[in-house]
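Right, one structure below, let's go through it.
In order of appearance the chains are A, B, C and D, and numbering begins at 1 in each one.
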Amino acid sequence: MLSFQCDYNNGTHPEILRRLVETNDEFLPGYGDDKYTASAKEKIRKACGREDAEVFLTVGGTQTNKIVICSLLNSAEGVVSATTGHINCHEAGAIEETGHKVLAIDHENGKITSQNLRSYLEKFYDDEAHDHMVFPGMVYISHPTEYGTLYTKDELKGLSEICREYELPLFLDGARLGYGLESRGTDVTLEDIANLCDVFYIGGTKVGALCGEAIVFTNVKPPKRFFGIVKQHGALLAKGRVLGIQFDTLFTDNLYFEISRHAIEMADILRDNFRKKGYEFFIETETNQIFVVLENSKMEELKKDVLFEFWERKDEKHTVVRFASSWATKEEDVQKLNELL
Amino acid sequence: MLSFQCDYNNGTHPEILRRLVETNDEFLPGYGDDKYTASAKEKIRKACGREDAEVFLTVGGTQTNKIVICSLLNSAEGVVSATTGHINCHEAGAIEETGHKVLAIDHENGKITSQNLRSYLEKFYDDEAHDHMVFPGMVYISHPTEYGTLYTKDELKGLSEICREYELPLFLDGARLGYGLESRGTDVTLEDIANLCDVFYIGGTKVGALCGEAIVFTNVKPPKRFFGIVKQHGALLAKGRVLGIQFDTLFTDNLYFEISRHAIEMADILRDNFRKKGYEFFIETETNQIFVVLENSKMEELKKDVLFEFWERKDEKHTVVRFASSWATKEEDVQKLNELL
Amino acid sequence: MLSFQCDYNNGTHPEILRRLVETNDEFLPGYGDDKYTASAKEKIRKACGREDAEVFLTVGGTQTNKIVICSLLNSAEGVVSATTGHINCHEAGAIEETGHKVLAIDHENGKITSQNLRSYLEKFYDDEAHDHMVFPGMVYISHPTEYGTLYTKDELKGLSEICREYELPLFLDGARLGYGLESRGTDVTLEDIANLCDVFYIGGTKVGALCGEAIVFTNVKPPKRFFGIVKQHGALLAKGRVLGIQFDTLFTDNLYFEISRHAIEMADILRDNFRKKGYEFFIETETNQIFVVLENSKMEELKKDVLFEFWERKDEKHTVVRFASSWATKEEDVQKLNELL
Amino acid sequence: MLSFQCDYNNGTHPEILRRLVETNDEFLPGYGDDKYTASAKEKIRKACGREDAEVFLTVGGTQTNKIVICSLLNSAEGVVSATTGHINCHEAGAIEETGHKVLAIDHENGKITSQNLRSYLEKFYDDEAHDHMVFPGMVYISHPTEYGTLYTKDELKGLSEICREYELPLFLDGARLGYGLESRGTDVTLEDIANLCDVFYIGGTKVGALCGEAIVFTNVKPPKRFFGIVKQHGALLAKGRVLGIQFDTLFTDNLYFEISRHAIEMADILRDNFRKKGYEFFIETETNQIFVVLENSKMEELKKDVLFEFWERKDEKHTVVRFASSWATKEEDVQKLNELL
């Protein structure tokens, strides 16, 4: 069976496994006080070009989103998100569980546009009853988005400017950040993100790790007692080394970027193959996710040999499905898939 | 440096590492839908002697406590705990974060006695104003307790009876359960716990795993939409395999029990050594934690070669410290420590 | 200055004042245990034709909505509401503060249609990822809606049937219920609401009282420990008599219905006047709220003598404004306003 | 039946009723934007000697405590309270419902002593594991306390100094503040409270009003978006006039202080009567609450003619009961009670 279902059905990068084995007999302080965590944080700061950044390692994406968001918001504030945002759709109400509304606004291909954001904010403050409404307290975006699309540097700048004008922290969910940074078409670097956003996270789970996300605060300070907040939300691993060693490995010799680039190369070949064979794209993407429209009969046929994800019904006879590559995708599998198309 | 500081400063059991390496190239469904997780659950049910049990794998102890507790309580209810309970002291307010009060009652060596529990419950319902108070909604105990002590079977039965009389789920925190079950003096088995408690968890993090706890519902049903509640609290790993493979390994060929027994054997030797050399025990324990009173000068001397944990000041000249063994403790290290005593 | 701004800028009905004065020297038990509260509840049950109903008196609407909703939902569930629903727009995030998402769906003139509700529910359960989403756990409607519109009996029945099919409690916000029940065009009675909904509240604040809402559980039981939940949310008045006396008065000799009818009569005259003079209605309503489109110059002119509420800008030259009558509206003021139109 | 049961089983002061009647026909803006609320706030600021204070009117005590506390605390912080504090015992978990732990410390007659507070704080920061614990984030006291006792000015100063040293807001619950300020033995004035505390509230419900409490922020700013937080917690009355008119009346011509003094005079007579007849006091108080030990037979006899409150069983033959006076207590009733003693 070929697998193009998602980017988290694989194990972990062999180099991470090697480091876990290598360090297994060491006694190390718990709760993130170990040397590998310290080293990982230092390497991440360097990679971001921000020695002043503060880095925290957590276990998963939903957890990370809820901790960052709830700790930066005032009780009467909510977080602005695209209607398609992961926090608005697929986190089982994790943000609301912390007491905050997700203020969903329209999107374009999964992205918040400066125009939509500004228009929402202006309308909010123009509304005479806004004191009875949930105040926008921060802005959440994802890069790549849930649709695999990317912000351009100009788009990010535009959002960043509006956020600074309204004093709203800009938070970027980078669950698949590596795949965004290594996309051939992007002009956005990790340094750009560190400078234009106020806080973001670098996804490990979907980019080579067993688990783990790295929160980076650059232009806002971590909230007071952030360690306690992380602990309180059950996101503090007793064996913090598990996260430290993984991120230390990912940020040694550019591993994070190299394996991301591999995923993109695989996706690009796959995308070309679909295009050459005349398949219709549901949405144009440049990252590791490809959304294509399949005839239902073709879909059923492919299912026999390939794992891929149902996205939505298009019409009676067609379905939108998603193919995803990852750091673990093998070129031979891409070729095999091509033969089946 | 010898390490007797805690039971979570080691890596993971080599057999777990081996299985992680062995399965690394497999593509497996996410979110706990993989075959290793299914197998782990089945083995845990068997080990508990309860084929009807429902098992969920989570990442860490604080997370597990908060999810189980908040999902079983009604809004107006709190959880009864010993004042020394982990949830009352060292979880950064995780239970309160979910909206519930920890109803702390007196303990004896870290344990809730039937007498204290009954007396608290009677006093509560006798109070004419109890409708304005937080209702006891469940009872939390740990086994071993935070002091390394153990309930006897009769003590557990006593608590269980009271809980059933008052319709309060009895929840047992088994972060160090293996060490409790393998203690030489105990008469409590895993089956006993499964039958006398309503829900409990089997600790992995401190007993051989990198991370992971296994929640077992035996005499209460998991709350409605429990999967969503786990997800909402950021406790659902995308790569559920990480937990599944670890617990599958721990519950294959009795590994969990064997490595726990090793830790107890090491602790027993250590305890004997302290006793032979005339050290005073702060509290008598039978598990992997040993609390001894050291002269401050001796403490400073030992610190040069041994890692152990400060517990509390006893008086001007003496300090209570904790030595902990684990599955990873080497007999030669126990001997080396003995020479330093 | 004429006032048609809203239905809560008046005092209280003189009969309520009289009863407050009359009973002022009595010593009465606190927290709702007084005889007037008991009498009020009994009268409300009678008016609803449901002797088995359970009634609770609370202070205000937002408070009432949040208590009912959070106490009926499971942690992983949210409440379905029209996008225009009060809980979704103008309660400062009160629902989310309790940990629950408002699941906003499209509306027609402020109403949820059976079609929209069913379509939302079907789509939800068809979504393969719905276990990662917030489950619909109840349905919230208001009658009259925020737009002053009313459900027909058939529409209510339709929603009720779907709710029962999906086991979702149907909750009706009746902040302005009296004005809905006395509308000339409605075929919905209080008994209908009691039978078709599972829980609803009868608004006092906007219909003659100083403050106060009466929650009526008919087809669901009040959640366990509901008294404690009310207290915990700060909604339990020490002097429960304040609410008891008011509702006892409102439900004596049909006062609630009579004063509501007066408001409707005043609104009907006003509506006719607008119609006769050729004003455009923004939305057709049959209750005490009238939405008309004014030329901006006319609006400025009227502002000198009349209080009314800005609703939204229509275009460069026109604005939508709201005129509201209430139990306190005087016929002579309606006539005076007519002269100014 | 004579009533000495509590200070909230009466109606409202006649002057308040008179003002409610007098203003009933006025149309006034909602949500606290009316002139009476503005006037009440101004008078309260003057009475506190702090023109810079910010005043908010809310409905009841539990509501007020929860709003002030949750809005001043960081997520990882709790509120320090005496174990006997109202928030720790009789608010149905309202504080925990907002996500925060009540950090209960020992009391002396219901009061927190400087020694206990300092000792708790020092021990907390000395604890090596305190990063895993709930941080003290503010201090809650009540004056009078739940036992009717009062802080001296020196005691308040002592607490205030410690709080400032540790940067903890000091919050005083003044549900019965009038009775404390008018006690003959006190040396604490309203100005003292305004200067030594950071935020406090002036109780209306138990001191002449139908309902209502006035929060006064003096040495901390109200939290950002406090209006929204009040609304979100269901504490914002649509008819804010109800609270405004009441407090405006209470703070006109010293009414609040005069009626409080009357209650104290009645309590003092009552206390003397008990003393002269040789009754034992459970605790010495100087306010409107008197705790005496009754023989059970005497208690049963008194119950036929007098309402008073059960406090706790003393022994087989004796019970502690509470007699409370209020602004509404009549001197003739005090004499009648004397005859029954």
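We adopt the following convention: contacts are C-beta pairs under 8 Å (C-beta built on N, C-alpha and C of every residue); 3 or more make two chains touch, one makes a residue touch a chain.
Everything numeric in this text was worked out from a predicted model, so none of it was measured.
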From chain B, the most remote chain by mean C-alpha position: C
Which of C-D and B-D has more C-beta pairs touching across its chains: C-D
Inter-chain centre distance, chain C versus chain D - centres from mean C-alpha coordinates, in Å: 34
Rounded Å distance between chain B and chain D, as computed from the means of their C-alpha atoms: 42
Multi-chain contact sites of chain A, meaning residues that touch two or more partners: 75-76, 91-93, 97, 99, 131-132, 134, 228-229, 231-232
Touching residues (chain side chain D, partner chain C) in the complex: 1, 3, 5-6, 8-12, 14, 17, 20-21, 23-30, 59-64, 66-67, 91-94, 97, 205-206, 210-211, 228-229, 231-239, 241-242, 307
Residue ranges of chain D touching chain B (in the complex, touch as defined): 75-76, 78, 89-93, 96-102, 128-129, 131-134, 310
Chain D - residues contacting chain A, complex: 70-71, 74-77, 99, 131-132, 134-135, 223-225, 227-229, 231-232
